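Lettered A, B, C and D in written order, each chain numbered from 1.
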Amino acid sequence: MLTKKFGSLLLVLALILVAAAPVLAQGEEIRLTMTCRCVAGGVNNNLVVWLNTYVFPTFQEKMAAEGKNVVVELVEFGGGDEQLKEQYALDLGVGAGHDLFAFDGFWVPEFVEAGLLKPLDEIAGEAVTSWEGWEHITPGIQSILGYQGKLYGIASGTDVRQIFYRTDVFEQAGIEMPWQPTSWAELLDTARALKEAGVEIPLQVNAGTAMGEATTMQGWFMVLLGAGEHMYDFEDGKWIVSSPAILNALNFYKTVYLDEGLGDARMQLVADGRDRSFQAFAEGRVGMLVEGDWFWRSAILNFLDVPTRNQVVGWAKMPAMEPGKGYRGQDFVTISGGTGWVLNPNTEHPLEAWELLAHMSSLDAQRAWELIQPRINFRDDVPVGGDPVMSAMADALLPLTTVRPMLPAYPQISYEAQLMTERVVSGEMTPEEAMAAYAEAVTELVGEENVKSIPLQ
Amino acid sequence: MAQITLENVTKTFGAVTAVDRVSLTIAEGELVALLGPSGCGKTTTLRLIAGLEIPDSGRIFIGDREVTRLPPRERDVAMVFQDYALYPHMNLMDNIGYPLKVRGVPREELRQRVQEVARRLQIGDLLDRRPSQISGGQQQRASVARAVVHEAQAFLFDEPLSNLDAKLRLEARAFLKHLQHTEGVTAAYVTHDQAEAMALADRIVVMNHGKIMQIGTPLDVYRNPQNTFVAAFIGNPPMNLLPCHLDMAQGVLVVAANQAPLDLGLLRERIRVALKDGDSLTLGVRPENITLGAEPGPAAIPGKIYVTQPLGGETLVNVEVGDQLVSVRIFTEELPPLPEQVWLTLDLARTFLYGPDGERIV
Amino acid sequence: MEQQRGVFSSRVGLAFLTPALFFVVVFLLFPFVWIFYLSFTNQTLTGASALSPSFVGLENYARLFDFDRWARAGEFGSALWITIQFVLGSALLGQAVVGLTIAWAFYRRKGLLREIVFTLAVLAWIIPDVVVAFAWSAFLDYEQGTLNAILGALGLGRPDWLFRYPLISIILFNTWRGSAFSILLFSSALETIPPSYVETADVVGASAWQKFRDILFPLLRGHILTDLILITLWTFNVFTPYLLTGGGPTFKTEVVSIYIYRTAFKFFEFGKGGAIAVVVMLINLTLAMGYLAMLRRQKASA
Amino acid sequence: MNRYESPLARVGIVLFTMLAASFFALPLLWLATAPFDARVNLTVHIPAELTLDNFRAVFQNSFAVRALLVNNLIIAGGAMLTVATVATLASYGLSRTRIPGRDILVYVLILFSSVVGGTAAMVPLFLLAYHLGLVDTHIGVILVMSGGLLPSAIFIMRDFVDTIPRSYEEAALVFGASPLHIFRDIAFPLVRPGVAVVAIWAFVNAWGAFLIPVVLLRSPHNMPASVALYSFYSEAGTPVHTLVAAYAFLYTIPVLVLYLIVNWRFGFRFFGGIKR
């Protein structure tokens, strides 16, 4: 009875407010809106520029040719990823929201499980399946925005991870270049040599919860894959919660941050640590930094101009613990993630929204994009635009790469992995204790039947 | 102007009975003072008339109209508050004109009436000032002006002079009395100052513990206090009250304080009720009805001089009678020398006797 | 005569209260009941339990009080313990003491000095959160911060505040941020104390401290309790330290409000978040009751 | 007031003032210098090169300028008016009517507001706003914020109301004023300093709000300055200190000015009466 009374109260209030609300303009015009964490002149400015100067005009022209009056609007969002994700979930939950969302691939499973996203072909039908672009996107990259065999969007690119190093610092320390370690031992030896030579922070490998997913992707995965294992056993369909490889990986962290002081744990743990480590790298105080190609094409440019970057930043593949001991028996390891665009299942104009997405993902549009922002394209027919280093990284690492498990529980398990590294790096727990705590937490999250342990030797 | 009638009015706050079955009529044009110690219910009675409180039982009339449950604004009364309740954010014009403003009196008429009243009350020059910019006495007049500006059926005063210093208070008192006479208003006037009540009121209502102890003209209340409470409350210094008991065999009253016997003499014929041997009584005598002497007499009790206080035209002598102090008032500028041991002779014709219940029996 | 009574009838009073009642019911009571309900479910915003949340009884609550691990960094017990230190440090020792000291120092003083201090304190109180976060990052920065520049110049070393002393840093921060309220409250309270009380003590030669301890403190006790109720409650729920430290490093500054944020925002576990919020409210309720009981006792003895 | 004061005490108070003033001022030093500095990091120093370029750059960001000059004023102004009005009415009603348990009631409301003001409430508040059609409207933000701010505002306000002598209103009642008259002519003018305190308090809270606007608003042209601040981040998502500092400076000015005006006009103070 409370709800009934309350309902009528709400109704009255709603009526009052509806009267005051601006009346939406109606007409022939089809309005599409899309949003991303992007601001003109701010974060992801390049994306805004590309959308506003290339994508929207050409798309509207194309639609006009088909006799449709389509207007596209970009709704910029300046806050953080977490707030953006919450907006998506809230909007989709009540059947509202923009027509296209910029979306991080690893969010897809949990949104699908919550019934918030629908496969592309269910939304826009035949037009999706007959799109010419699919044959130029490898299945691996298609699956960045997929879940259980269904596709929910189109990726806008992918990335790879490697070691970046300061060539000038290496030179001073007398380390031979080009430099490419083939094992953790060599990597650590280089770090020790840098330390000898007075380099303040020889090696940074991301750890801790403060950096969020950056720790999992650029830190934990890079080390764990090098130790020969993935977080998830794709064959058994189980999460690996305890294994010699996990312990080896944790001990690597322990060596770097605790035992030998080769890295600066502080920068891993304080709130803005990632920015600080970039800055320290730019200032030549960090010798080696494990990061994604985004660091090369975007982050470092905050501090260095392109010629300086090309001059002082070198890169190397991340070695396995020992040659041949990496994930799938590889000598070197890397991992890829990716973001893209998903369609809102509640869109009023599913066909036009899909058309827009397809247009954005077309060969011409992506070529235009590469001119603004050279990066590893999701289309195999679009080369990295005018950046040989990026191309070289893509060529060397894409064949070695793997992806995160696309499962709804992944974000939480990823957090537990960050926590595990944090516990070791901060000295709160030994690697053994941290692994036990990880096992306990993950088991609680996904259940006994979805985890496995590999006995320690 | 209208008369005010209270019929059997009772008001309680929780366990406290603030006003206990009070019945009272204030005639048209009459000023009645409600007098009593703090907490006696006088202010509550006034607030009941104003409508600021609603009685638990009983009825209140203003004129012929029953107002018992009406809100204040429908009663058409005016009130002057102890703290004046002048609004600090309004100047005197707005303050005094406020009762007219809320009644929708047009602006121009309001100005004229306020100016007229203010002139009569000699604050006509101060109308653009705020309360904080004028003296206490002027504030008091302003609050009176606000009360008289609209011609109400009755006026209610809640200790309006108690915030003034002694000199101003005398002035304001005279002024109020003059005003009341010239305007001929019906008024209830709450005070704890018996001199103020005596000076101002046509009649005085003495209250204690929510009950009316006595109603009468000032002289009547002074001359014939009906009970020990009124006797002790009225008069300055108050009446001497000496506990004593009756000794039928000896035909005397024995003063409890020092066991001195006192011939009943004249008093005996005036006793209106039957008394028993050993009854505890109270003897009441005003300080001016005692004379001091060096020799004993039939209506005299012994005492010891405690202190003498010359007051100009008169002298106040405090005499120790046993463990009690008795005040004696002597109308002489210079007191003749007195021995330490004196005899107090009571003027039995002006002496009262109160029974065990405190009610007057002589 | 001093009986409390209403100037107006209940009906008139209710009319004055109606707008507030509307806000309270719609924007306070209703969401609260909703949160309370959610706290017994496994409701999330994404994942399978978003679509079909189920009633889990007291499970969310039991999880908070799993004593095997609740004291671990990043768990509820640890967050609670950090919050207690944070409240004791920044509300009781910090804001209340700073507030009393400054109010007492400027007792019966007017003029420029007082205006300067009060305006700066209020400024610290009213600046937007995000701005304050930037300013304090700059203030506490290990390498370039103002504080370390000063300490270094004085030869007092350059501590790594946010890394080595994170809890002390946010206590300092919150003391700075919130003292204005206590300063204003106490200086107003002091003004109600008749000067003669203090002058009497002056005449008998009491020291400043004695005057404070023997005269002002007993008279201010009621105000102090009121102040403590409010600032304890506010401090318990303050979220601004997140902007400075993100709750770290290694959860060392994760007070319960940040813990709730992490639960509710990072993984959208609103059932769990609701349970924490309810537990925190119950703790606050207990504290408020304790203060109120003290206040009543103090009133009765006065 | 010319009280006797020993020279020692006078020196003491000056030293104390310096100490207290530095405590409150030092953390803000960066905010005062950085906006005018051509090159900013986190160091406080006298700008080697004084410049207004940072402000010029900020004013080119129309999104951020609109956020500050339009959206923030609407949201904070709206919350201020709502909270001040509703809290004044409510505290007056509470103070002048006998309602059993009203003291406890206010505390319980404050406790509720602490829960509902937290992050746990975001989903209920969003759904509520959605069903009322208030998502992406300033009214929605104003109403939700006001709900959370009211209890504390009522608490602060009541002390001001309680200091009005009852005889003021009783006099007005006797002279024939209606309750609304009394509120408008007498109570409201007298509690104006309290209204000012509560108004500032509400304004400041709404001015700095971040979470509720982010949850309830969608369009960039509706977003407040706390969100717009993030538009002064680099392509890679790190703050551009020069612009952030300049914008933060502009973002702070209005609350400071408002405070100074109110303090000068009404005196920003609580009544010593806070007693319950």
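By definition in this document, a residue touches a chain if its C-beta (ideal position, glycine included) is under 8 Å from a C-beta of that chain, and two chains touch if they have at least 3 such contacts.
Remember, it's a predicted structure, so these values are computed and weren't measured experimentally.
In terms of the distance between Cα centroids, chain D is separated most widely from B.
Chain pair with the larger contact count among A-D and B-D is A-D, by C-beta pairs in contact. Each chain gets one centre point, the mean of its Cα atoms, and the points for chain A and chain B are 90 Å apart.
Per-chain Cα centroids separate chain A from chain D by 38 Å. In whole angstrom, the spacing between the mean C-alpha positions of chain B and chain C is 55. For chain D, the set of residues touching two or more other chains reads 122-123, 170, 173, 229.
In chain C, the positions touching at least two other chains are 5, 26, 30, 45, 137, 265. Multi-chain contact residues of chain B (touching two or more other chains): none found. By the touch criterion given at the top, residues 165, 167-168, 170-178, 181, 185-186, 189-190 of chain D touch chain B in their complex. The part of chain A that touches chain D in the complex is made up of residues 10, 13-14, 17-18, 20-21, 35, 39-46, 75-80, 83, 86-87, 90-91, 94, 96, 275, 278, 294, 298-299, 301-302.
Those residues of chain D that touch chain C in the shared complex are 1, 3, 13-14, 16-17, 20-21, 23-31, 34, 41-44, 85-87, 89-90, 92-94, 96-99, 104, 107-125, 128, 143-144, 146-148, 150-152, 154-155, 166, 169-170, 173, 179, 183, 200, 204, 207-208, 210, 225-226, 229, 239, 244-245, 248, 251-252, 255-256, 259-260, 263, 268-276.
Chain A meets chain C in the complex at residues 6, 9-10, 13, 82, 86, 89-90, 93, 107, 110-111, 113-116, 208-210, 266, 269-272, 408-409, 411-412, 415, 419, 422-423, 426, 428, 437, 440.
By the touch criterion given at the top, residues 4-10, 12-17, 19-21, 23-24, 26-32, 34-35, 38, 43, 45, 102, 105-106, 108-110, 113, 116-117, 119-131, 134-139, 141, 143-147, 149-150, 176, 179, 184-185, 187-192, 222-223, 226-227, 229-230, 233-234, 236-237, 239, 257, 260-261, 264-265, 270, 273-274, 276-278, 280-281, 284-285, 288, 292, 295 of chain C touch chain D in their complex.
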